[in-house]
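Heads up, the next two complexes both have subunit A, just with different partners, subunit B and then subunit C.
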Partner chain A sequence: MNMRVYVNKNLLLIIGFGCLMGVPLFIDAPYVIHVFIMIFFFGMVSVAWNILGGLAGQYSLGHASFMAIGAYVSSMLVIQLDITPWIGMWISGLFAGVVASCFLYPCFILRGPYFSLATIAFGETLRNLFTSWDAVGKAQGILLPIYQDAWYYMQFSSKLPYYYIGLALLVLIYVVFIYLDQSKLGYAFKSLREDEDAANAIGINTARYKLAATFISVTLTAVAGAFYAQYVRYVEPDLMLVQYSVEIILPAIVGGVGTAFGPIIGSFILTPLSEYLRVAMGSKVAGAHLIVYALILMGIIRFSPSGIVGWLGGKNIFRTAIMKKLGGR
Partner chain B sequence: MSRIFIQVVINGILVGGFYALMGMGLNVVFGVMKIVNFCQGELLMIGMYVTYVLHVYLGLDPYMSIPIVAAILFVLGGLIQRGLITPLLGGANDQNLLFMTVGLMMLMQNGALVAFKSDYRTIQTAYSLQNLNVFGQIISLPKLISFVVLLLVTFALYTLLMKTDIGRKIRATAQNPLGAKLVSINIKTIYVVAYGLSAALAGVAGALLLPFYFVYPMVGSTFTLRAFVVVVMGGLGSIKGAFFGGIVLGLLETLGAFFIGPQFKDSVVFVTFLIILLVRQKLVLSRS
Partner chain C sequence: MLQVDQVSKEFRGLRALNNVSFGIEAGKITGLIGPNGAGKTTLFNVISGVFRPTTGKVIFHNQDVTLLQPYERCSLGMARTFQIMKPLPYMSVIDNVIAGCMFGRYNCSSLASSRAKTLEILEFTALMHRKDVLAKELGTADKKRLELARALGTNPSLLLLDEVMSGLNNTESDECVQLIRKINQNGITVLLIEHVMKVVVNLCKKIIVLHHGEKIAEGEADEVMNNELVIEVYLGKEEEHAQA
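Now for the complex of A and B:
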């Protein structure tokens, strides 16, 4: 692709990325940086989920448990084998990808809500086992040992390094998604989503492509989970709760399932919203902030079913702007 | 050993009755609209709180309040269906419905949290702590009464769905919405009735649970997951299947806790669920 066309087409994206690179130069409040890191984290896992859920159309509700596997494995690698998280997070990602692929492989004959239910059962079983497993600290979970500013252990007293690591991972996962979206593999994924029987009929090996989508999606989710473990320094089995799986998916739902940018927009809306509401209302009346959050969520689903990106696409704001730039085609 | 074993079996059946009732409620919605309803357990929680309020402020016995609870939940369910779910049905993305019910779940849980705080609440009745002694087996009286009422409700639901006009319409819509439309069934009304019925069943389960259990805002979540297990075990749209599925689930849970260890009972339940789900699908595929 011509560089100029590429820059034109993705102008907003590039400006946005530039702004994010510069944010810490102007804001040094740790809380604001923390909110940004959480935005990046939920953006990461939601884009990763979107590969399986959005592209291949298999709605997994067990992604929180895959994320937690990543967090557990990388933490155990640090504690038991003294392996640096810079490498450990990729090992844990691949490990989770292989485990999830093996266990979900028989489930690929299930369709629609039945697949979702199977992934819930999978996640709940894992949570139950981790809650009573001695080696991973049972219900107490694992506390990572604290080192002062140790590069080797990916631990920093400032939040800034986490900000840039998070942003880098988000960009990486986003690029993987964009690449898949336009590749032959991505088209095979989309054929599963649109009509599995038809895909079968034209000779697409559906089980194999579901496996590929699961592996990629879970691996990236687990890498994000390892990042989370490094940032929070604490892993517990409750991370595997279905409600966290839902939290992983919500940015994609709000932003637009199956779109590359949707989950990121969704995360930029939902994460600060829930943080703001928690501070503004949750501290006064327990639960009040989640009522407002739930109402806003239901409103978005009710009135904009294809997400914000779909809604903008319907209005053609971006497209007309880009077309103008390209010479009114 | 054998005495404890029989006790475990009895407990399993008594607990299973509730899973059966929740499963039957979910079955009506899942069967008719094929949506994964995540707030089924929260409807049970609301049923429990309504029963609680009726008991504390009006002195109504929990078993007497069943018709009121059922009516309130029926209306609530109908409103949810009409206002939030029907407009999304048949839209571009059916999966959104799942997240609509997740939103409802959060709304109900936190609404209850604001209204009642996170305290565990329970009620005291004359029979709350009474036990029956049958051939050396100890059975809690409220659990037994609840189980009997539950059997009656199951029978009533079965009659409603199988013998009455509205029941036939619900089943017709579940089988084929387009076909139902063609024979001039107003399927939007059927949807409202189905969701209302499902909510009422959850509410009744809540009212039956309160005499020997406690209510708190998050009480529903375990029941939601169990209800899904029951629906899949018993088969879609089958009331009998859901009933026996519920009993089997209750037995699995207590026997699993007894033989393998109480901390692993969830694993036993969910692994069995996965196996049944997969075997069923394999059978369906090999038949077609």
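Now for the complex of A and C:
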């Protein structure tokens, strides 16, 4: 594909990316930058979840625990072995990928909601394990030692570097998704999502491809988790709560399950919304922001069950123009 | 090319297939008929690997495939369609067939090469004009064609068709007969389950009749049609005085 065609096809994306690159030039309020970083973070994990949930159709509700494994492992690597997080985050990703693949492999005979239940059980087991495990600080979790502006430890006094690292990881995970979507692996994932028996009958080894989807999805989730640990500098077992798994899934559901761009749109809507409501209402009536958040969420899901990307795609005027640009199915 | 050797299948004491043996010659169209509940689809599932037989063997291209999974049999050249159609609903018609081309015996590793094969197959099965439609939006006739096209995408040497004509009107079913004949002329052996007698007699060189899980007749079309046992099973027993 030559440059010009590429630019034409992905015009919206490129403009969006350019805007995001430029945001810190115009806004220097740390809080706003923080919100952007959280948008990138939830975008990352949601796109990564979408590989297993959206492409391969296996709805995991244990992704928060995989994310937390990434956070724990990279933190332990820094503290115990003095390995730089720039490398540690990939090690922790692969580690989480291998662990999740091994433990979920026997669950692949379970279909639909039963698989989701198994992943909840997996996450809760891990959370209990980490809550009572001395070496990882029990329920207190791990505090990363503070260094001022140390590149080696991926620690910066300004939020800007995290902003760009987060954006880069988001783009990376997005590109992996786009690549998978059009590859042989992606076709295997989608076929087994649509109908396992039919997939089996056309020569797809369903267990093997579920394993591949799990490995890729969990690895990327854990890398995002390691980034989170570096940013927050504090890891605790409560990160593994099912509640966080749901927060990982919501952007994908709201934006469009199985689409590359859906989780990112979803994260751009939900993360600022939840932050805004928390700031605006959290201090007045306890819990009010959660109720409003839930109502808005129900509204979105009620009126656009196939997600924002699906909703855009449903309007014929937009179908050709926008769907193709967003890379949705 | 396919040997079914004394196959029995029990579901918790219910014997769905009892000692069924037969062979299929390469290059021919063979029909499998029998009343409802005779065990035709169970036999299909045993042949294609969805079920393992309780006893007996399935031999394909001189290889014992009894214990192989469906996807392994597919890579040996066995493809099937489903009686209750199983399209990949939220994928377009072309993507359905591309998936077949990628993982069957063509084993295309790139999207481009698999798309080229797919377009040929869509042309062949007359689905070209529907290629960008989601599979779930197709009508029955086109869904049946899609099942065929996806199975052909795996480049089979043996095609198992489970009631591809059911639910089709006369015109559609005639087109389908033509299509199956064309597929067979391209060198693909066909084993089909069918209820519509006209179709079976018209297409099949050899017919196998199942009843209560047992094979009660096997042979050429007219031979089987005149077999007393077969007539009895399909039409009930003739009474003495009716034989004038």
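Convention: the second predicted complex is superposed on the first by the 315 of 329 C-alpha atoms of A that agree within 3 Å, B and C clash if a C-alpha of one lies under 4 Å from a C-alpha of the other, contacts with A are read in each partner's own complex, and residues count from 1 in each chain.
Note that a residue touches a chain if its C-beta (ideal position, glycine included) is under 8 Å from a C-beta of that chain, and two chains touch if they have at least 3 such contacts.
This is a predicted model, so every value here is computed, not measured.
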{"item": "Which of subunit B and subunit C A:S75 touches, first, second, both or neither", "value": "neither"}
{"item": "Contacts of A:N50 with subunit B and subunit C, given as first, second, both or neither", "value": "neither"}
{"item": "Touched partner set for A:N200, first subunit B, second subunit C, both or neither", "value": "second"}
{"item": "First, second, both or neither for A:S217, with subunit B first and subunit C second", "value": "neither"}
{"item": "Larger contact residue set on subunit A - subunit B or subunit C", "value": "B"}
{"item": "Subunit B versus subunit C as contact partner of A:S92, first or second or both or neither", "value": "neither"}
{"item": "Which superposed partner A:I249 touches (first subunit B, second subunit C, both, neither)", "value": "first"}
{"item": "First (subunit B), second (subunit C), both or neither touched by A:S183", "value": "second"}
{"item": "Which superposed partner A:S191 touches (first subunit B, second subunit C, both, neither)", "value": "second"}
{"item": "Touching residues on subunit B, where the partner in the complex is subunit A", "value": "30, 34-36, 84, 87-88, 91-93, 95-96, 98-100, 102-104, 106-107, 109-111, 113-114, 117-118, 217, 221, 225, 228-229, 232, 261, 263-264, 266-267, 270-271, 273-274, 277-278, 281-282, 285"}
{"item": "Contact set on subunit A toward subunit B in their complex", "value": "59, 106-107, 109-110, 112-114, 116-118, 120-122, 124-125, 127-129, 131-132, 242, 246, 249-250, 253, 257, 285-288, 290-291, 293-295, 297-298, 301-302, 305-306"}
{"item": "Contacting residues of subunit C [partner subunit A, same complex]", "value": "48, 50, 69-71, 74-75, 79-80, 82, 86-91, 95, 98-100, 102-105, 108-111, 150-151, 153-154"}
{"item": "List of subunit A residues in touch with subunit C within their complex", "value": "182-184, 187-188, 190-191, 194-195, 197-206, 258, 329"}
